[in-house]
Structure formats: structure tokens, C-alpha cells
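Structures for review follow.
Shared between the two complexes below is subunit A, which has subunit B as its partner in the first and subunit C in the second.
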Partner chain A sequence: MTSIARILPRLSPLAVLAALAAAPFFVGRFQTFQLATILIWAVAILGVNMLTGFSGQITLASGAFVGIGAYVTSVLAVHAGVDPLLTVLVAAPAGFACGVAVGVPAARLRGIQLIILTAVVAVAFAPVVKRLDALTGGAPGLAVPRPAAPAAWGVSVDAWVLWLSLIPAAAVWYVGAQIARGRIGRTLVAVKELDLAAPALGFDPSRYRIFTFAISSSFCAVAGSMYAWSYGFVAPDAFPLTLSITLLACAVIGGLTSVWGALAGGAVLTLTPYFLGEVSASLTGLLFGAALILLVYVMPGGVAGVLAAARSRLLAARRSGRAGGLRVRGSAAPEGGPNRVSTVDPETQTGGSDVR
Partner chain B sequence: MTLFIQQVVDGIASGVIYAALALALVLIYRSMTLVNVAQGEMAMFSTYIAWQLTAWGLPIALAAPLVVGISLLGGMAVERVVIRPVQHRSVLDVLVVTLGLLLIFNSAAGAIWGTTAKRLPSLFPDDTVAIGGVTFGLETLGIVAVLLVVCGALAALFRFTSIGLAMRATTSNRESARLCGIPAHRMLMLGWGLAAALGGLAGVLIAPRVFLDPNMMLGVLVYAFAATALGGFDSPLGAVIGGVIVGVVENLAGVYVGFIGTDLKVLVPLILIVGVLLVRPRGLLGSPRVARV
Partner chain C sequence: MFGNGAHAAGGIRRVLALALACVGAIGLATGCGGGVSSSSGESSPGVSKDAITIGGSYTLSGPLSVLGVFGPASKAYFESVNAKGGVDGHRIKFVYYDDAGDPSKVLQNTRRLVEQDNAFGIYSTVGNTVSASILDYVNQQRVPQLLAVAGGSEFGKTAAHPWTTPFYVGNATEGAVDGRFILSKQPNAKIGVLATNDDAGQSYVRGLEGALAGSGATIVAKQTYELTDATVDSQIAKLRASGADTVAILALAKFSSLGLKRIHELGWKPTIVLSLSASSRDASLRPVGFENVQGVYSAFFAKDPSDPQWANDPALKRYRDTLAQYGRSLDPNDAFTLLAYMNAQVLVSTLDESSALTRAAVNDAAHNLSLPTVDGLLPGISIKTGPGDPWPIETLQVVQFRGDQWVPVGDPVSYEGKTPN
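Let's look at the complex of A and B:
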């Protein structure tokens, strides 16, 4: 039983990957496109998670970094004729470099000042892109050739884009999970929780902050590349400040400290406008804003935090089950049993416990 | 030289509007060490209400004070309903809540009034007076006059009235203020109300110069951020000075720095903010931050 519990988490990413890869054979072209869109935002939200969940920094520049990645891919594909798939190899380091550029001043700042700095970056993005119109096509935007499979294979563009998107998404996931589980992730949480004490323990918080900022920006830029593949079009106003806030909202909805929460967040970000769009486009923003506030009120760990709490209760119950402790624990828990998800584990409220 | 002075004057005209919003930010920062990221969007919403009133036939001279009053009540309601439940939580949590507010106000304005730009009539006649070759728009002079009066009134409120004293006491030490019998919660509510009223006024004043749309205040908010960063987050005087400096520098850079031009003016606050935060994080007039480990 224990061995299954140990193997299962390793298998589930592969299972999700396989399910996504098989999806185009079972669902329509539009659903395939939506799956690719979910992947885009999941990757960007994972970047937000890295920064906000593990390092405790809030950024409003994530949307701008998605934009940077999208434009790197588009400009390379349009002006230099580079294969769109390869451009991600440039977009990721470009995002990393821009992340370092913003991260160096950002590492010295806390909460409010950081919000201000990144908000300005987000607001400055569109005018700068419009100004560099020789390269970026200015305000009207830039049409990008979507990657296409060899004609003889008879694969739809949407399926091909989804398959291509799985490659960077899987890579980003692997890196993210390694960081989250490993020494860096633990140190980041330490730096977040013990801002002033961390240097006394021998960590240089600035270095970790800059690194997280750069990694986060790099993930966002990769999402941008995928965006350009999926949509085949980029425009300066597609990456506004409100996109960054929406990404943050969905990261919080999914759960800030979980790599799986990012996938849930991506699905929320993609599907909510789809279902609400027929009513009103503005309704989505209203809903995300309200969700953001309500989630902070009721469950600080987000959905994934609640799930992690439920899981850890379940594991604890099973562990103590042999010694007959299950009953004791179960009766101590509120009615509904140990896996009632409405109760938040006090540990996860800090956002630190599911990094173990 | 005349051109230079003209640009400085024009810069001051936008600078005082940044100063008004910056002052609103400082009001809230001083009372709860929180920058209300939604301040600009709340101001935008107030401005839409003003537009709606004029669309119903009210003259702008009547609509403007009415909107300031509505904003005052609205700001108090936002503090009571949304902010108070989280006020003891971490900075991160409260910031996230204000970000949610930003999104809500932005989307609500889009849902109610649509996203096409609207035109709000100006409070002042579209005339100019020339003094020594420098042209002053009556609108500019009017805006400066209104904001000077408002700043004076605010300063008087804080200095000479018992409510102002109670608000300052709440800012200085909430617990002690409460022990002295000051209704600290109500003072915080009032602070939010005043900030929203100030923002609403700034919105009504700037809307005739830019078109009224749901994203109108995002840019202004960034300039107000720069003003508060420059002047110091907790200094009202710093906010005003910072706002004017940002306005003037922005305008001069747009004219004299070729690459920036009118399109990239938004880079000016970015550079100012980075510079100030790196060199003197507390701003020109702010107090230094200390923390206990």
C-alpha cells in the first residue's frame, strides 16, 4: 500500500501527459485548442506560483513577461524565419534575463514597493512594444505562422500545436517540481517565512529572490511562446496589467504552493471566460476579482492547499490507523470525517507545508 | 527658454493630478501601512458616475461635488465591507484583496458602461491666458486652484479639528487611540472615504484631458505610484511634491529626450521609481522603515 502511495505521484504526471497527448483523437478541434490554451496559462501560473507561493513576492509583471516570450517567438519567426518550436529556446533565456533585470531591484523591495515596480513594468510593456514598431508591428500586432505538421501526416494544426506545447510544458513542470521539492524550494520557503532571520542562517535571500524572479519570468516567457503558437497572432494590448492580476487570481484559486494547482488555475482561466463570455466579457473579471477576495477570506491555501490538507489528514489517519488511532483522530475532526475538505490545515495556511 | 517654461507649466498641470491620487494613496498608507492598488480604479469608477450624472442632464459643476460625496461614502463602504475582515492578516493577503478590488472595479465599469471611450465635460472653460509668452490654460489654472484648496482643507482638517486629531492618533497607534476612546475603526473608514473622494476628484479633473474608459486610471496610478515612491509613502507633502516632480520630468523628457517622445513617457515613472527605490527607498520625505527580528 505504501509503495502504491509512493509510486502514484510519480505516475500521475505521465498519465496527465498521456491523456493530453491522446486528447485530439477523442475531442474536437476547438476542445483541442482549449486544452492548448489551458497549458499556456498553466505554465504561466506555475511561474506565478514559483514566485508568490514559494518566495512570497507578488508580481504584476507576469503578464508582461508572457508578452515578452510571445514577442520573442513572433519576431524570430516573422523576421528571421526561425522554426516556431525552436524559438522557445530563445524565449526562455530571454525571459530569464529580463527576470534578472527586474529581479535585481525587486530583490531589495518588499510587498508594496515590489507591487509598484512590477505594476510599472506591466503598464510600460504595451507602449514600449508599440514604440519598437519596426520589429513588433506596433499597435496592430503581428501575425505569426502557426507551427504545422508535414502535410502528409494529416494532423490538424490544433492537435499539432497541442503536442508541441506539451514539450515545453513538461519541461517547465519538471523544473518546477524539482525546484519545489528540492533544496531550493525549502530554502525559498525559509526565506519567505524568515525574511530577516534567513541571512543569520547563512542564506543570502537576495540571491534566492533574484533566482526565483528569473525562473518565474522564464516560465511566463515560455507560456508566451506557446501563446504565439496557439493564437498565431500577438498584439501589445493582449498582455495588460489586468492579465497579471488574473494570473495571480487563478494561481490563488488553484493553490499557490502546488504545481498541480497551476494546472487547475490554467483550466479556470481558460474555461471561465468561455462559459461566461456569452453573458458578458466583463463578467469574468468581476468573478475573478470576487473569487480572489473571497479565497483570501476563507481558504488561504487555495484549492490545492485544501486538497493537500485533506491528503495529509488522510495519510495521517492511515498511518495511525494500524495503531487504532484512526478512530481517535476521526472523532477529533469535525463531523464528516478526516477527509472533509472544508477544514484548512493550520500548517498549509503558511503555504509552507506542502513543500516537504 | 519660453518653450522650456511652457513645458514645465504643462508638467505641473498633470503633476497636480498625480499628486491628488498620490495623496489618496498616502492617506491610506499612513493609516494602515497598505497601498491601495485599487485606488485608481475606484477613482475611474467615480468618474464614470460623474459621466452618468452629466449624461442625465446634470451640469458638471453640480455633478463633480456630488460625485466627491458619493465617493466618500463608497470608499467608507469598501473599507467596512471588504478591507476590515482582512485588516489583521498579512500584507500579502491584504494586497491580494486590493488587487481583487482593482479587477472588480475595472470589470464592473466595463460591464455597466461598456469599453468605448466617453467624453466628460470639463469643469473649466477652454480658454487660455498668456503671460510673458507662456500660455496658461484656464483648465490648468482651475485644476491647480481646486487641488490647492483641497490640500489646504485636508491639512486644516488634520491639524485643527478633533476628527483630524483622532485620525492622526489612529495612524500613530491604533491600540492606544482605541484605549483613549477614539473609535479607531470609524477613523480608518473615514480615511478610506477621504482617499476615495480625493481619487474621485482627481478622476473628474483629469477625465476631460484623457478619454474616459475603464483603463484610464491605470496609467495615472503608475504616475501616482512614482510620486509616492519619490516623495515617501507616508508623507502627504512628499506626495504632492513627488507628483509635481513626476509631472514635470515626464513632460520635459517627452519633449527633450528624442527616444522617449510622447509614446514612451510611461518609462519616466519607471526609471524614477527604480532610481528612488534603489538609492533612497523611503523617498525624499518618508520615514525610514525599521523592523524587529
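Let's look at the complex of A and C:
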């Protein structure tokens, strides 16, 4: 049990990849498209996590960086005839470069000033894109060819796009997990927690802040490329300030320092309005806002926090249940049931760290 | 739904449960399968023995939620039609979702309506950007995008978008009518334009320029605004500094209010021409004060329901009665409510006139409409489309604001079949 519990987490990313890759065989075209949409926002939210969760900076520019990635892909595909798939190789460094540009001034700012700076980026995005209309198509937007499988394969565009989207998503996940678990992640948390002391320990906090900003923006830009593949259409108004705010809220709901929480956040962002649309079209916006507030309230640690807590509780209960079974062999059940025991297993505490 | 994770012990099961919960949750609404194959369906999906499903996406929340009224107002009219037996024995089942004015949500909603709710067609997307976001999708899927409320030139290009029809006057026609009218008043006018920074604004300016070509009048300044702008003070200041003696405004109600207010505050007295979207008596003019907007011009195709001169108009009485019965929460004095009501009437007429309830036949009918009267249209204006000319309204009545109402000036100006590109 112990060794399996240690090995399985390493397999879980592959399991998720396999489940997503297999999904188009079991669900319809629209659901396939929705899964690709979840992936898009999960990648963007992972970018927000890097910045807000690990480095403690709050950004309202994430939506604009998604837009930058989407436009890099669209402009290259439409005007230069580049295969939309390859454009992600340009979008990611472009996002990184823009992230550095915003990150340099942002590294000097804290709290409300940082929020204002990034909000300015978000608000300026649409007008700037509209002014560059020769390139961007202006306000009406730009139609982008969606990547398609060879016709003979008989694969729908939606399934194809989902499969292709898994590649950058997996790459971003790998980078994110490496940063989160490795030296950089620990340093970032140290910089976050020990802002003033960090220089004394030999870190230059602003260098780390700029780096995180750039990585975060780069992730968002990759999400933007994926957006262009899935939607086949970009418009300046598709990346408003409210998108950044929603991404931040969903990052909190997923769990700010969890790479898996980002996936949960993407699912919340995509599926909550979908189900609320069934409840009432006219109240969708209002209910979505209320749902976000409620989720933050009931799950301050996010979905990842809830899952981690549930897991430790379950493991503790199972262990004590097993021990109880040995002690009172032959009796129907230990008195009070397994939930009575509330001791926390030291193993689960250490095991819980992979959720982070 | 994430509670499933509580039953999983290992990392793999926890994460799998999450992934499967996502897949399962969105798989709930329809049957499974079909995501991989790329085949397409029959020619009249959404039509059953006794019902036809029409889909819509509206900005029911967000900064442009004043336009959201198109959803419920259309629904009110469809319900009144259903109460009388529907279209050819088919009840209209109208399904719509909120898009908050976000083009990506519009596309998402449209796909949901077409692929999941099995909608026959997408009716009345409101606004140029929103309507443009689904142009490619509906035309690739051969789903009729019926009567989009958009006046940008893009929506007149039948060859490029054979499955899309607009329900509005072309913004270029508006520009042309305004230009011709300005010339008749001031042959050497110096015109300053304040317009939206989109297809609508650009089409309007092109129409205006076309009408002025070869005359002594010129456009001396063009200013645009963004929805995020708090005021249009700087734009108005620049128009004034350009030496303009005439101001043309194509803007949403709030921004035309802001512009008119600023012009009044500056003590500037240019000739003012407002686009249709900028000229609502209650939403645009009242906030400025009627006494401060005397003599302002506009060009209409619809009656202004807030105008007392139509208080006893039989067509508007039918409109008010329908709302009283089926849409009590709606404001009958809102010009957008009336426009939605007209839009819905034209959809029902299109379905009625269609030779069969198939997508191709209805699209064909939308491209060959001839409706002499629709409740809400001004006298002398009718609905007419033809092959290569999808604009249903190409005649405008110039009006001037006098006292507390819009008064007709001269006869309706017709650009029938001549909407500029």
C-alpha cells in the first residue's frame, strides 16, 4: 500500500492525459470542444498560480496575455500562412518577452499599485489591438484556420484540436510542476514569505519576481494559442478585464499553489456557466459571480485543499479501521465507526505534499 | 461533483476521479459518442412534428446588458404566436443563453445550441462584433444565422456568408442618408464624426464619404471611442478644434448622451446628426435635457415607442398588448424592446413564407422577403430582401427633435437595392 501510494502519483498525469485523449470516443463534438476549453483555461490558470500562488503577486493582466498568445497565433496563421500548431513556439516566447516587459516595473510594486498596473495592461489590450487593425482585423476580429487532421482519417476537427492541445498543455504542466517542486519553487515561496529577509539570504527577489511574471505570461500565451485552435476566431473583446478577474477567482477556487488545482479551476470556469445556463439564462452572470464567492468561502484552500484534506482523513480512517479490525476480530464493526478516530497519520502528511 | 475525490485514496484515483467527473458532468446532457467522427446531420434538425427550436445568444449581463432585452422580448412575441397555433402547426421553442457580450461565449453558446440543443437556426445576434464571431462557424455548418441585428458592411456580403442575413439598416446607408441630408442643409459643411471603433462605425463613415464625394462638404475630423471610456470629452474637444460646423454621432445611447452633454456644456452650436442607435428619446436625449438637444437630426425606420405621438397607434397598441400579456417585466418604451419585437415578427414571417421547414428553404426565404408592413415600422418603410441584397431595411425617414418628440422632415429617403458597400 505504501509503495503503491508513492508510485501512483507519478502515473497520475499520464492517466489524466489518457482520459482526456480517450474522451472524444465517448462524448459528443460539443463536449470535446468543452474539454479543449477546460484545457485552455487550465493552462492560463496555471500561469496565474505560478505568479499568485508561488510568488504572491496579483495580476489582472492574465487575460491580456492570453489575448497576446491568441493574436500571435492568428496573425501568423492568417498573414504569414504559418501552420497554427507551430505558432505556439512563437507565442510562448512572445508571452515570456511581454511578461518581462510588464514584470520589470511590476517587480517594484506591491498590492494595489501592482493591481492597477496590471489592470492598465488588461484595459489597454482591446484598444491597442483595434488600432493595429491592418494586422489584427480590428474590432470585428480575425477568423483563423483551425488545425485539421488529414481528411482520409475521418477525425473531427474538435477531437483533433483536443489531442493537439494536450501537447502544449502537458509541456506547460511539466514545466509548472518542475518549478513548483524544485529549487525555484522553494525560492519563490521564500521570496513571497520573506520579502525583506530574502536579500539577506542571498536572493535578489526582484529577479525572481520578473522571472515568475514572464513564466506566468508565457503560460497564458500558450493558452491563447490553444484558444485560437479551438475557437478559430479571435476578437479584441474576447479578452476583457473581467476574463483576468475570472481567471484569478478560478485559480483561487482550484487551489493557488496546486498544479492540479489549475485543472479544477479550468473546469469550474468552463462548466459553471454552462450548468447555470440550464437554470436561468438571464441570471447566469449573477449566479456565476455568486457561485465563485460561495466556492471561495466554502473552500478557502480551493479544490486541491479539499481533496488533500479528504485524502488525509480517508487514509487516517482506513489505517485506524484496519487496526481496529485486527484488535476486535469477529465483531461487526469497531465501536463508533472509523470516523471516530481523528489522529493524523504522519505518512499522509508527507504524502499530501504532492498535491501542492 | 468534486466530492467524488473523497472516495479515492491514491493520487491516480483522486486525479482520475476529477478528470472523469469533468468528462461525465459534461456528458450528462446528451447521449455519448460522436466526438471523433466528422459527419454532419440532416437538413432540418430542430424541427419535430409540432415544434421548431430556434437558438439565441444575448448579452444578458455585462456592460452592454441593455441589449439583452432582445432575448426576453423576442420570446414574448414567440409565445403570442404559439398561443395562436405557432408556425404552420409548429410551436416555436426559443432557447437562449447569456454571453455577457463576450465573442468567445457567443461562439460557445452557438455551438451548444446547434450541436447539443439541436437548434434549427441562430436568430438575432445583437451587435457587429458578437454577430461576426459566429459568421464562419454557422456558414461552415450551413446553419442559418437569421436576422442578425448588425449594420456593418460585412453582413451585406451574401457571397461570403450565404447563411447569414441581417436585420437592420446598413450603417453605410445611414451614413449615406445623413450625408445627403447634410448636403441639402449646408453644401459646404465641415463635418466632425464621433463613431464606434468597429465595423459599424467604419461602414457609417464610408457611407457618409460616398454621399459627400464631389461636393463642397468634407469630413474634417474622425474620432472613435471605446466602451471602457468614461467620457468622450476629449473626442468632442478635438472635433471642435478641427473647425467642424456639423457633428455626426454613431454611438450607443450612453455615449451619444455624453457627447451631446459635452457639446452643450462647451456652448458649441454645430448642426448635429445622430445615428439610429444614438437617438433614443429616453435613453440618449432625456439625460441631456430636452431643452438642450432641440433641433438635433436623426434618421429612423422604426417608431420611437417612448414618443407620445404614437400613443394611440394601432400597431404599437398590439405591441403593448403582447408585452402586457407575455412580457410583463419588459419596458415597452425601450426602443430596443420594440426593435426585438419587430425582429421576431420578421422571423415568424420568414418561417411562414418558407416553402418548407428545412434550413436551406428558410435561408432562401430570408433572402427573398417582401413584407409591406411590420408592426413598429414607420409609414412608407417596408421589409424587402432579394438575391445578393440581404438588407431588409434600406429606407430611412429623416427626423428632427422638436419640443419633446421626433418630427419627420421631408419624405423617406430610399436606398432600396443600393446599400453602399
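Following the convention adopted for this analysis, the second predicted complex is superposed on the first by the 284 of 356 C-alpha atoms of A that agree within 3 Å, B and C clash if a C-alpha of one lies under 4 Å from a C-alpha of the other, contacts with A are read in each partner's own complex, and residues count from 1 in each chain.
Rule of thumb we're sticking to: contacts are C-beta pairs under 8 Å (C-beta built on N, C-alpha and C of every residue); 3 or more make two chains touch, one makes a residue touch a chain.
Here the structure is a predicted model, which is why all the values come from computation and not from measurement.
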Contacts for A:Ala143 in the overlay, against subunit B (first) and subunit C (second): which applies, first, second, both or neither? second
Compare subunit B and subunit C by how many residues of subunit A each one touches, and report the one with more. C
Of the two partner chains, subunit B (first) and subunit C (second), which one does A:Val296 touch, if any: first, second, both, or neither? first
Answer with first, second, both or neither: which of subunit B and subunit C does A:Lys130 touch in the superposed model? both
Let me test your reading of the model: by the given contact rule, A:Leu286 touches which partner, first (subunit B), second (subunit C), both or neither? both
Should A:Leu248 be classified as contacting the first partner (subunit B), the second (subunit C), both, or neither? first
A:His79 contacts which: subunit B (first), subunit C (second), both, neither? neither
Per the contact definition in the header, classify A:Ala119: touching subunit B only (first), subunit C only (second), both, or neither. first
Which of the two partners, first being subunit B and second being subunit C, lies in contact with A:Phe25: first, second, both, or neither? second
Does the superposition put A:Arg207 against subunit B (first), subunit C (second), both, or neither? neither
If you lay the two complexes on top of each other, which residues of subunit A touch subunit B in one and subunit C in the other? 123, 127, 130, 240, 242, 281-282, 284-286
Which stretch or stretches of subunit C touch subunit A in the complex? 2, 5-16, 18-20, 22-23, 25-27, 30-38, 58, 60-62, 68, 71-72, 96-98, 100-105, 107-109, 111-112, 115-116, 128-129, 132-133, 135-137, 152, 154, 196-199, 202, 226, 228
In the complex with subunit B, residue positions of subunit A that touch it: 52, 56, 58, 60, 105, 108-113, 115-117, 119-121, 123-124, 127-128, 130-131, 196-197, 200, 240-242, 245-246, 248-249, 252, 280-286, 288-293, 296-297, 300
Can you tell me which positions in subunit B touch subunit A when the two form their complex? 29, 34-35, 37, 82, 85-86, 89, 91-93, 95-97, 99-104, 106-108, 110-111, 115, 215, 218-219, 221-222, 225-226, 228-229, 233, 261, 263-267, 269-270, 273-274, 277-278, 281, 291, 293
Per the touch rule, the subunit A residues reaching subunit C in their complex are 4-5, 8-9, 11-13, 15-16, 19-20, 23-35, 37-38, 123, 126-127, 130, 138-141, 143, 154-159, 227, 231-233, 235, 237-238, 240, 242-243, 260, 263-264, 267, 271, 273-275, 277, 281-282, 284-286, 303, 306-307, 310-311, 314-315, 318, 354
